[in-house]
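Several structures are given next for inspection.
Paired with chain B in one complex and with chain C in the other, chain A is shared by the two complexes that follow.
The block that comes next holds the complex of A and B.
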């Protein structure tokens, strides 16, 4: 943060000679403001001076400096960002410096829409000169919060608008090594394999990606993301999904493991059955074994119905959903 | 089972509306229009909107309108679509839409639609499906959907649909309950819900309910009261709300209340704010909690208000 912040030596703007020609404009609270209690003087003074230069439309270097001060004190004030852009345009400001400025602010305000939009505005102007900086920047933010929606959104834009795809799949792999439950990283992985001009497209990548997701599933069957990812690999081609032995076999593996985290395995099996999977005897047996330990001991030759029964019992939060699924089964 | 401390929440909101001088209020002054919408709608749901000076609010709202027709977050702030919707919604609450120059506002919004059907937030060009929802909602309230290219608006939203049935902020963006509300809402308002795979999305949405009964916004994230709105209203719009456990969600929201000072927080024992107070009460309304007025899931306004807009008094 700025060295002025909390610095007892900060000289109020009202005492600085280079601001002596400006009359600060207080906030207009409308006709009936409540009696004010003293609050952070620096903030109030900075915003009063900002309002003055904003109303005077002064697009000068000192105004630029003032917007930086105002932003440091309150990064959410979109009018200040707006005016800063107008000044940068008028002064033809150094945009590489601007990247540095936004990075400093972003470190403590990483979920702020204004910062990200400003960063994008700057990067758009710099074009491919900014590519590696943008990828580095989003990486830094993601190191602090690997699920930051803004960072991912910005990163996707950078890749599509400016390029830099080379290491992206590896980057997804790294993040998933750190946290296999990171849904954002799974989403990015899907984005890469379907959109990157350097890879062969979804079908070409399918085999290796199926192996990758199966491995993730087996390690943590309760992880929602790789199940959805696996399904996504067969986009538009349900038959291949149903017929791929790896899909039914990962369900079998999880269900046989005698752990309590088989809900997604069961729901995937249910979907497979609904799309025509002819279940193996092993699958039937392992589901039967689960049924015997459930609360309702209702014999039913229809495997899909049995799966729904078990799900109602092991995932009671969504009992209505599983009941509905059961009702939709063709007898 | 806990109870809704309705009167405490009313007092909390009224105190926030009056409070303009503490650091929190000062720092948030640029989005006061949103804060006013959250506070006032909550009061209306609790049946206490008559505690507010209508004329004072309406004149303040109109002072926030820019030459361009858009509204800023407060007096002296630049226009943005976010505050334009809140302004229009506030006027609707008070049945004061007639103070608007409808052409002026709707032209501002229409001017923000891009070639590909998406909408920018303001002149600076940020694009996000949130802005698609906001534009369509605002134009719908003002009965001017014909001013934009609805077909393209819809096709842009559909391009943001993901394989899990959800929607992101831009094409390829991760499915997120907030963005899903915006996209589903936008499709609902334009009669385009057939583009949603309701069973698939309904399942994704009901998987947001975690052990505590609360809802998260994405897999493996913490529950937050605001998702009681984003997820719930989405489920209602696609007719799948019975897939979540309502009792547990009600309990979660009630547990997020500050029973002494009023207000609701994001999760139990955190600090309260107007935003979460609104979403908690709105969520309870969607869950038909007794004593609350009904809220429309697409317009995020009381049903009475929506009926008044479309069917007159």
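The block that comes next holds the complex of A and C.
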């Protein structure tokens, strides 16, 4: 395959003897197309030859080469990728080479559905031979952008289809160590503890995961990710969530700390109260202390209402939401 | 997580602070201006937007070659933006749109990214929405509905969800684009709907939002697609709507715009994807109330049969009239997000004075962000309207009242007037 630097002295396909038997097929845009793109000559020619081999269904080595050229010019052309897979199947092409090819394309643009769909197709064919390569590959992409959505989806697919779970929890830990605000890593952590066959599932993992997220919350109460994660640990088991003293106590701890980052603590407390938490006197006191003085000095017996009221003023961006929540309280 | 580590900002913190800093500079500057200058700064640059949009319909630079498989999208982004502005294109140009999209229509149904390309669900959605936006008999009748239905059936995976194209990827986008098109064209049936809801329910994450695939991270684009799909198939009450609302409510940042995911940077396109979720929720308060009254519903996998059967379990639902009935229902309350703040972000940070909209300050304009910023802006402006016949109050429209855009149908993101025309057309034929 040609390398990129060959561009300057690129020989047009029309002048290459190995393509002399092919009649290029121009794009049929009609007489007055809209959104016409002023393609460069190389683009037009490559696509004209691509259309020719595609329409002739020519599954040959040169057609395979041509798809690489077309993808290099526009990695978003799913038709080209699709045809490339048909050719690879017909030629029984080397799939390890194919991984290298997609990796090269991903270097310049890793946010494209086609690359990742193709990669999944190749890895599926290679089976467990590809496991470690795929985990390494996604790791590499995530080193550049730790929140690349496609890379995470691919990684989850690899784990589920091919395995390789051993180090995944550690990998999540490592990424969160680097950036505790990385919500994608939190999501992956949730995926691992709920899905990994090596761990005992959500309930078995709950205790240690609660400690982990509580620690993260205390370090950064303004970080939404561990708050949502903590709540997620009780998915489908609200009763345990309401009754676990660790949950209300982390709210208490953050609310007592007298810094300004208590929106998530209050919002969690509100949810707990809505689901039947009987608040301790300590919790009542700390919430009352947060009320701006003067407005309403008599403590409201309905703590949830007070919480909504405070949220309305400390979180004005969501004032409508907190008002609405207040209106839905069953008094 | 020790205290020494928390001293150095992480990548997320650093990126966030840089964006905040830049945006607050703009707001500070704006705040210091006299009223008249503020009003001028908030003005939607209609003429410049039109110039930018029309230019794109007529010619695109070579750099657009990377969008060569998205040309129906370019048509939709541009034409929908023009329609939102309340403008039209010349009849000749409209005819050219219809002719060009006919060249993208596959003989066996569906639309590809360009002439001769395989049909693809996303470009099919874009082409159909573009043709509906053009409107008129010639445009609407150019869609081969019988073949399109066959294409949708071919894209349906036996497990329920849809594939983007022949042997293509399965995800929530594919489900939305397939169901949206089918509903719009009056060809939605039980075969297409079957088990789609199961798939989407599996995509709702522990955070409350919806992911592209089961297991992935809650995301604004997929949350809109997933929720809108569930409404169109009459299964929205199978989602945990209170959780969804809580998640989306927290996506509006102090920079006033929406982010797509937790702890990510804001981006003007989420003005529609996330803001649109509120527009949908505004017509779902009764279901929300039901779920709040039963604290255990919607949590976990405890879906039972009565929840599965939809809103009106007793009477059979005409799948194809859901989109119409939805818009005819009154919106029950004020929006649950900060509409004026979002408008401020779109107008002051998302607008390129020369025309077009951008993701955030420092980024270049493009047609995608123009379409979804304007869609989001329209959603804001009408978010407090009592019913569709009364225009928004001036206090609901940030900047001069001439900023008012056309209203959209929030399930399809097509200008409402165009929606009605198409709905009538496809109901008759």
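In the analysis below, the second predicted complex is superposed on the first by the 311 of 331 C-alpha atoms of A that agree within 3 Å, B and C clash if a C-alpha of one lies under 4 Å from a C-alpha of the other, contacts with A are read in each partner's own complex, and residues count from 1 in each chain.
As a convention for this text, a contact is a pair of C-beta atoms (placed from the backbone, for glycine too) under 8 Å apart; a residue touches a chain by one contact, two chains touch by 3 or more.
What you are looking at is a predicted structure, and each value in this text was computed from that prediction instead of being measured.
Enquirer: Putting chain B and chain C on the same copy of chain A, do they fit or clash?
Expert: They clash.
Enquirer: Which partner does A:183 contact after superposing on A: first (chain B), second (chain C), both, neither?
Expert: A:183 sits against chain B and chain C alike.
Enquirer: Counting only touches as set out at the top, which of chain B and chain C does A:58 meet: first, second, both, neither?
Expert: Touch status of A:58: no partner.
Enquirer: Quick one: is A:302 in contact with chain B, with chain C, with both, or with neither? Answer first, second, both or neither.
Expert: Neither partner.
Enquirer: Now for A:78: first (chain B), second (chain C), both, or neither, which partner does it touch?
Expert: Touch partners of A:78: chain B and chain C.
Enquirer: For the three-chain arrangement built by superposition, which of chain B and chain C touches the greater number of chain A residues?
Expert: Of chain B and chain C, the partner in contact with more residues of chain A is C.
Enquirer: In the overlay, answer first, second, both or neither for which of chain B and chain C A:45 touches.
Expert: A:45 contacts neither chain B nor chain C.
Enquirer: Let me test your reading of the model: by the given contact rule, A:225 touches which partner, first (chain B), second (chain C), both or neither?
Expert: Both chain B and chain C are touched by A:225.
Enquirer: Quick one: classify A:153 as touching chain B (first), chain C (second), both or neither.
Expert: A:153 contacts both chain B and chain C.
Enquirer: Who does A:103 touch here: chain B (first), chain C (second), both, or neither?
Expert: After superposition on chain A, A:103 lies in contact with neither partner.
Enquirer: Looking at chain A, which of its residues have contacts with both chain B and chain C?
Expert: 27-37, 39-40, 43, 51, 74, 76-79, 82, 85, 113, 117, 120, 147, 149, 152-153, 156, 160, 181-184, 187, 190-191, 195, 223-225, 228, 231-232, 235, 316-321, 324
Enquirer: Could you list, by residue number, the parts of chain B that touch chain A in their complex?
Expert: Residue list for chain B touching chain A: 18-23, 26-31, 56, 60, 63, 72-73, 75-78, 80, 121-122, 124-126, 162-164, 168-170, 172-176, 202-203, 206-207, 209, 211, 213, 218-221, 242-245, 248.
Enquirer: So in the complex, the part of chain C that touches chain A is made up of which residues?
Expert: 1, 3, 5-6, 10-13, 16, 56-62, 64-71, 74-75, 78, 93, 95-97, 99-100, 102-103, 112-118, 120, 164-169, 205-208, 212-213, 215-219, 245-247, 249-250, 252-254, 256, 261-264, 289, 292, 295-296, 299-302, 333-338, 341
Enquirer: Touching residues of chain A toward chain B in the complex: what are they?
Expert: 27-37, 39-40, 43-44, 51, 54-55, 74, 76-79, 82, 85, 113, 117, 120-121, 147, 149, 152-153, 156-157, 160, 181-184, 187-188, 190-191, 195, 223-225, 228, 231-232, 235, 316-321, 324
Enquirer: Help me check something: in the complex, which residues belonging to chain A touch chain C?
Expert: Per the touch definition, chain A meets chain C at residues 25, 27-40, 43, 47, 51, 73-79, 82, 85, 113, 116-117, 120, 146-147, 149, 152-153, 156, 160, 177-184, 187, 190-191, 195, 215-216, 219-220, 223-225, 228-229, 231-232, 235-238, 267, 271, 274-276, 316-321, 324, 328.
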